[in-house]
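Consider the two complexes below, in which chain A is the common component and chain B and chain C are the respective partners.
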Partner chain A sequence: MSEKPITGEKRAFMTGNEVVAWAALAAGADIMYGYPITPQNEIMHYWTRQIPKYGRKFLQTEDELSAGFTTVGGVLAGLRAFTATAGPGNTLMQEPMSMAEMMRLPTVTIVQQRGGPSTATVIYSQQEVTLTTMGGNGEGLRIVYSPSNHQELFDYTIKAFNTAWKYRFPTFVLGDGYQAKMRESVTLYDPAERGIEMVPTEKYVGKPGTPGVDRDPGHYRNTYNTEEELFEVLQKHFADYEKMAPEVVEYAQEAVEDADLVIVAHGVVFRGVRDAVKELRAEGLKVGYFRPITLRPFPAEQLKAVANKAKKLLIAESAQGQLARLIKDAIYGASAEIVPMFRPGVGITTEQIVAKVKEAL
Partner chain B sequence: MSVSPQPAMPKSWRVESKPHKFCPGCGHGLVLKCLGEAIDELGIQDRVVFGCDIGCSLLSWDFFNCDSVQTHHGRTTPVMTGIKRANPDLICIAYMGDGGGYAIGVGGIVNAAARNEKVTVILANNTVYAMTGGQMSPCTMPGQKVETAPYGRDPEATGMPTQGPEMIAAITGDGAYVARGTTANLKQLKSYIKKALQTQMEGKGFSFVEALAACPTNWRTNAEKTWAFVEKEMPQYYKVGEKKNPFEAKKEAQQNG
Partner chain C sequence: MGKLKPQKDWRWFTISKRIVEAYVGEYASGKSEVAVNRALELARAGRKVNLVDLDIVEPCYTLRPIKKELEETGMTVLAWETRDTVGLGEAGNIIKPECRWALYREGDVILDIGYGVEGAKTLNLLEGVEETPELQVLAVINAKRPMTSTVEEILDYIKELGPVHGLINNTHLGDETTPDIVQEGARVVSEVSNILGIPVVATTADQKVTKQIGPQDCMGNTVRPLVRYMPRTFW
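Showing the complex of A and B:
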């Protein structure tokens, strides 16, 4: 029952949703709570098929509110608990995740973005960036990874559990419908064999001993009586977040040193950008890329340095400027001119990026 | 003769958070006293996780010497369900009012009940949204004057009050315990709460107790009228008693051979 899901390195050719399920198994996730919504369904399908062998658990709830709040409960009980959602489900998920933010609960949520607003399409978009980074009635006290391929989907799903439990902020892996549904090569591995130590979990409720006799009771709340009380609690959260940010921020950049134009993109769109930069450089054009891997916290300083050198930043995203808002906030005052390439709810090809760059240069 | 500085309190109550934060005459203290005594008598203080909702029930977040979680409005049932699923050894109690349970959180309660989740829901029915200032709730009585029905609740426009235990009894499977008690009969209410907790402890099924409770602050009633409403008027519509009792069912089955 407790045998390891993966031993050695396993090459596989599978969908992104299957990759997420294997990553959660490999990470030692104990329980998934979920509600059906396309395009994340197969995460639940693969999870439920595998878990009897490994003694893990699953609960299908009545909606994403309950999926999120039961995940919160699983974390309170001290388990690596996770959920997965998309689109309108992600909208509902923001209520439980705002509770996780306030109470510093290390939930892990996989989001496979679909078209929006509303029901829109079940296919693909990058339109859940604002919602996932800044959702809820709060301040975006969360961590959001944006993987761009199946290997990263595997790596960052494992990492999400560790980041969440180490820093105690709700953590998201922001995939999309393309990554969820397409098949791709990936190397599955047991984290321990790669020297990745899983951060131990901790019970919030149900610790040994009788509360009030052997130990203090755990009294957890998200309501405060006075403005000052709340203000103080939040200052502590902000300070923790600021301290954490440099340790968690991840990005990738290439050919930015002498670049006239730097393309900024995240997630699956980055794949087209990477190829476009290769092609344009081969033609002798001074073009580079910058790719934020964490959208929260955002690699602000690093991008600002780039934005002060390059003449132009081309922002390519499958949304109407949601990444651009994060970028503008990060680079405020920098000299580069912003060139938008917004294609909400549709994919962006290498050819389209090459053409756009040539037009902008 | 020694004089105790404190009135008798259940052992599971947290002395440091007393006197409690509820208004004078509020029903919550009585329901929580029954719950505290039931926890003491069952000897489960070290296993209880107490979850409270939004609304006046949230004022009980530090009420017990038990691990406690204050959640969102209507979301206490799923949080307790999540904990129970993760650690079945814990005794998970979701505490809420009639607004949290029967309006915004009804999806959570109904589906937890339908799945026969091994959690206990205790719901104080005081016929109003009390924390927010006395608006109409699912349990406001026909004709009762409240802030959002200032001329009295009109069932034609707003429907009839929700019959919670009856609804939950209809959708739970075998093993569930469902009852409606009242703060006008604390001995009985405590016995219901105790049986609900035993249902969870024995892993029988979902357990649910509604308790008729007073809100003199929002009802704007004096002691006499408050008591008359709880003791006489509410039970005319909300029938007190056990709706589903796995312990009785077992006894009957034994008697029938």
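Showing the complex of A and C:
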């Protein structure tokens, strides 16, 4: 009944949504709460097809507000709980995730971005960057990973559970519809066999003993009477977040040392960027890339160093400047000129990037 | 196994009579690749061929980028054009009427049935299933997918599909496919075939790999080379 879903390393061929379901199984997730929305549906489909074998659970709720709040509830009960959503579902998800931010709850949310605003297209965009990084009515006290291929979807979904439970901030894996639907090879593994220890979960409520007598009372709040009290609580959260940031921040960069132009991109667009840099370097052009893997916290210092050396930063994204907003905030005062390549809701190919770089150089 | 009667005299290479085949299988099993190659093979043999895109959930993503090219071979491709589906959005896609009636068309009919295991139910939406005794439902199996990687898993999976007349071993890992991977799949799929009494119609793989394997796989199944078109499609 509760055998391990994966033993040994297994090379497999599947869609990104399936990868997420397998990663959640491998990570020992106890329960998924969800409401259907394209393009993340198959996460639910494959999770529910698998779980009877492994004794895990699923609850389909009436909407994403409820899916988010039940995920919060699952976490309060000490379950390794997650949800998945996209587009307008992600909009609704922000209210429960704000609660998770205020109460410091380690929820895990997979977002497969689709076109926006509103229902828009069901397939692809990178237009949920602002929403996923800063979408709460608060201060963005959350962690957001942006994977770019199936292996990373697997790795970072597992990692998201650990980051969330270690630092107790709501954690997101920000994929997109192309990653969700694409077929690609991936190595599935049991985290324990790779030496990855899953951070143990812990009940917030329903602990044994009498609060105040046998143990400290659990006082998890998302509401405060006075401005001063909220201010004080937030200062502690900010301090925790700042302390955590250097341990959590991830990025990749290549060929930036002598680069005249550095392309900045995240997620699936990074794939085209990586190939473009290879191609442009082969032609002798001084071009490199910088790729933030965590969008929250953002690798600000690291990118700023690059932006003080390179003459230009070309920002390529399938949105109208949502990544650019994060970048500008991070590198304020740096000397590089920003060249936008914004294609909201549509893909960006290697050829398009190469052409744009040649135009900008 | 349901209402569709298997044809005892059916052969992969029968060219004298009408060929009607429905390709079903998991995501990433290779349904579309196998279906497109089969349609091209029949078209090249001078047959009148209708290739039908029956992914009713996300239509036109698979065949759309190569539709024109396929039509240039003389076959008829029944699939939504992008411009025809504009305006539908998530409110629901509709089955293209000519796809619904595809079984009544003259000539061979190759049905590419999308959307994973649920997709097999799409056959219920077609007109004329009862009147098409030549209809063969072929399950495309990729044993490099976790839910169809062992004999037990494939048996469970095929039970969910409904009537199946033949199996196709299309075990692959995309660009990383090797002859060993294909042969490993051949062993698993052949065992399933023995248990269920459903024939392995063929082992299919990329041309480069099939060249190394030869005309038959290690279980004696016919090996069919594939030209890979899907890398040029959306997925």
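As a working rule, the second predicted complex is superposed on the first by the 352 of 361 C-alpha atoms of A that agree within 3 Å, B and C clash if a C-alpha of one lies under 4 Å from a C-alpha of the other, contacts with A are read in each partner's own complex, and residues count from 1 in each chain.
To be clear about the criterion, a contact is a pair of C-beta atoms (placed from the backbone, for glycine too) under 8 Å apart; a residue touches a chain by one contact, two chains touch by 3 or more.
Only a predicted model underlies this, so the values are computations on that prediction, with no experimental measurement involved.
A.B. asks: Put chain B and chain C onto chain A via the superposition and say whether they clash or fit.
C.D. replies: Fit - chain B and chain C, as placed by superposing on chain A, sit side by side.
A.B. asks: On the superposed three-chain arrangement, identify whether chain B or chain C touches more chain A residues.
C.D. replies: The partner that reaches more residues of chain A in the superposed model: B.
A.B. asks: Thinking of the overlay built on chain A, is A:121 touched by chain B (first), by chain C (second), by both, or by neither?
C.D. replies: second
A.B. asks: Where does A:45 make contact in the superposed view: on chain B (first), on chain C (second), on both, or on neither?
C.D. replies: In the superposition, A:45 touches chain C alone.
A.B. asks: Taking C-alpha centres, what angle do chain B and chain C open up at chain A, rounded to the nearest 10 degrees?
C.D. replies: Result: 100 degrees at the vertex chain A.
A.B. asks: Which of the two partners, first being chain B and second being chain C, lies in contact with A:15: first, second, both, or neither?
C.D. replies: Only chain C; A:15 stays clear of chain B.
A.B. asks: Output check: A:183 vs chain B and chain C. Expected answer is one of first, second, both, neither. What do you get?
C.D. replies: A:183 sits against chain C, while chain B stays out of touch.
A.B. asks: In Å, how small is the closest CA gap from chain B to chain C once the two complexes are overlaid?
C.D. replies: 22
A.B. asks: Of the residues on chain A, which ones does chain B touch that chain C also touches?
C.D. replies: The answer is that chain A has no such residue.
A.B. asks: Which residues of chain B touch chain A in their complex?
C.D. replies: Per the touch definition, chain B meets chain A at residues 12, 14, 45-47, 49, 54, 58, 61-62, 64-72, 75, 78-87, 89-90, 107-108, 110-111.
A.B. asks: For the complex, which residues does chain C have touching chain A?
C.D. replies: Touch residues, chain C against chain A: 27-28, 58, 61, 89-90, 116, 142, 144-147, 149, 172-176, 230, 234-235.
A.B. asks: In their complex, what parts of chain A are in touch with chain B?
C.D. replies: 30-31, 33, 57, 59, 61-63, 65-66, 69-74, 76-79, 81, 95-96, 99, 204-207, 209-213, 217-223
A.B. asks: Where on chain A does chain C make contact in their complex?
C.D. replies: 10-15, 18, 22, 38, 42, 45-46, 49-50, 119, 121-123, 181-185, 188
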